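Please find one structure pasted underneath; my questions will follow.
Order as written gives the chain letters A, B and C; numbering starts at 1 within each chain.
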């Protein structure tokens, strides 16, 4: 090694040290042309510069993280306790409470009688012409009690599916519209199948194939609802 | 009993949500929460490096927000207002814990350690696109003071004069701490790249898809 | 003579010039980045039979088998705020497993902006688990142990897959061409097409979509095709050999093969329309059921 080589090495190291001193300012946007010049000449300093720029770039795009659901639950509970939250009264209730009829007290007995009548009407056997999933749930219960529900599907499962459906109804407003539409179409297709099957099973309770289809449709509905709820969680 | 849900398919302007929240509308509160929850929680998590603390602080930040929302007059963007509030909540917490945020000494660069270089090795830049999950872990592993400045500046985009004001330090200090933070992160990531550790379980509540 | 001051000034001017050029290049680049798609391209060395797990939100996903022990990923994201994270395990050396997950980095990014169109070239022996919430999936030439493909509303197509193949969609059509391993296809409202299947164990189910089977039956194979209201159409060569069990509750049955009908005592459990019989030597078992759809079995033209 010659004296010249030593001098060159020393100059190189000095330039690297200067680079180190200027690097912070350069990354802050200050004019430090020497930084770029030296980076072009020194592969090791070039690596340092590239690394720090990469870190700076990547840190602008860090993934966002979802908080656990209890955060909102706790916030909501505290705000409610502090009286900061006001319940929104649905429009129909606001109208209802304005009626002079209900400004006076109504005989309790008359109200009770009305309630009993309403309950009786709502729980009477469903005629075959009834449409809708709510009707099919009570029809399901009839089928369960009639003992022709397919194996593997009982009132417990129908309740679970109904709960999942309720949860889906609550969350679908927050889903991507096209995704929501996909799930709705699938559930509509399955609901149509279930209703059809139930009607058929009432007419022909011994039709094993129809019962198999009913079981399969219910299973598929549970799968689709589970997928929808999972999707809305993300 | 439940408040009317705000249909998410229909984007309600934030000004409307704020106005409704100022009237105590629960659905508006929830909508504002859902809009900002990820940024708020992520900021708390990055500044504290701890999921339990981040949860508590995010909660506290939203509570303060909703308690004070009636005072928001629209002088600045709501997001900016919320952001400042979150940063204050976190810093107050860190100060209460007695954590030194930023060295109050004047910056002395004369005795600074030289930046590590891998002399003798081929050009080994950090991999083309840094694994952001690993970067997030590396940020959590930074010392508190470095982490706060790094998160505020490089992640959240605060300027040094703002950081200096927030953290009650000099601009020079803020710059120096930021540079040290970046160098520390670089060291951590390069170490990781050379001898990778088993993937740490990220218990922050992020939902990894299978 | 060397004048350090002159040299410094010249250097300073050159530096300013270069910085200016760099800035001029940076501004349009950053504008482009904000508005235009971003791209990821990555190659990873793998074992001969890696497991590939890919979870995507939206966009077209194409997976192709190739002879290299390498996974080559090219993704084009509609927004720079969408990222595809690629995680090989182990991190160094030949990966045995690769996880790819699409993340949306900004909650304001929704809809079509969430799209990531990805093409993966994977070793022929790779096993797959692909979930594409709102986008099509196309898989070609795979010989790995299993391929699980799931999509929401878009099409799934798989060609020349030899392992256990499962394709599931809510509303998307499924087309499987020449699968040779155990094969399952499920959809709620989509149609299913099974073309030249070489599988000995094949199940397909659609609630309201149509199922079309076009090809021959493998001796000792079991084929179960079922719909609720969709039609089922089976087209097979005159040389096929199968035992047919076809049933429908409210639909219709059409068959143009001359079957040797089995002597079958009517059972109270039988539905109204059923057809049981053997064609040629009855080497494969074919079960076709539909609640209200039309079932047709006829020779391939």
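Brief remarks follow.
Following the convention adopted for this analysis, contacts are C-beta pairs under 8 Å (C-beta built on N, C-alpha and C of every residue); 3 or more make two chains touch, one makes a residue touch a chain.
Bear in mind the structure is a predicted one, so any value in this text is a computation, not a measurement.
No other two chains have as many C-beta pairs in contact as A-B.
Of all the chains shown, the one with its CA centroid nearest the global CA centroid is A. Put simply, the C-alpha centre of chain A and that of chain B have 25 angstrom between them.
One finds 39 Å separating the Cα centroids of chain B and chain C.
Shared contact sites, meaning residues of chain A that touch two or more other chains, fall at 61-64.
The set of chain C residues that touch two or more partner chains comprises 83, 107. Residues of chain B in contact with at least two other chains: 38-39, 129, 132-133, 209. Note for the complex: chain C touches chain A at residues 11-12, 14-16, 18-19, 22, 80-81, 83, 103, 105-107, 110-111, 133-134, 152-153, 170-171, 188-189, 205, 207-208, 228-229, 247, 249-250, 268-271, 289, 291-292.
By the touch criterion stated above, chain A contacts chain C in their complex at residues 31, 33-34, 36-37, 61-64, 176, 178-179, 181-183, 185-186, 189-190, 192-193, 196-197, 200, 206-210, 213, 216-217, 220, 224, 227, 231. Residue ranges on chain A touching chain B, taken from their complex, read 16-17, 20-21, 23-25, 27-28, 43-48, 50-52, 54-56, 58-68, 70-72, 74-76, 78-79, 82, 84-88, 90, 170, 173-175, 177, 180, 233-234. On chain B, the positions that touch chain C within their shared complex are 35, 38-39, 128-129, 131-133, 196, 199, 208-210.
On chain C, the positions that touch chain B within their shared complex are 40, 42, 53, 55, 83, 85, 87, 89-92, 101, 107, 129, 131.
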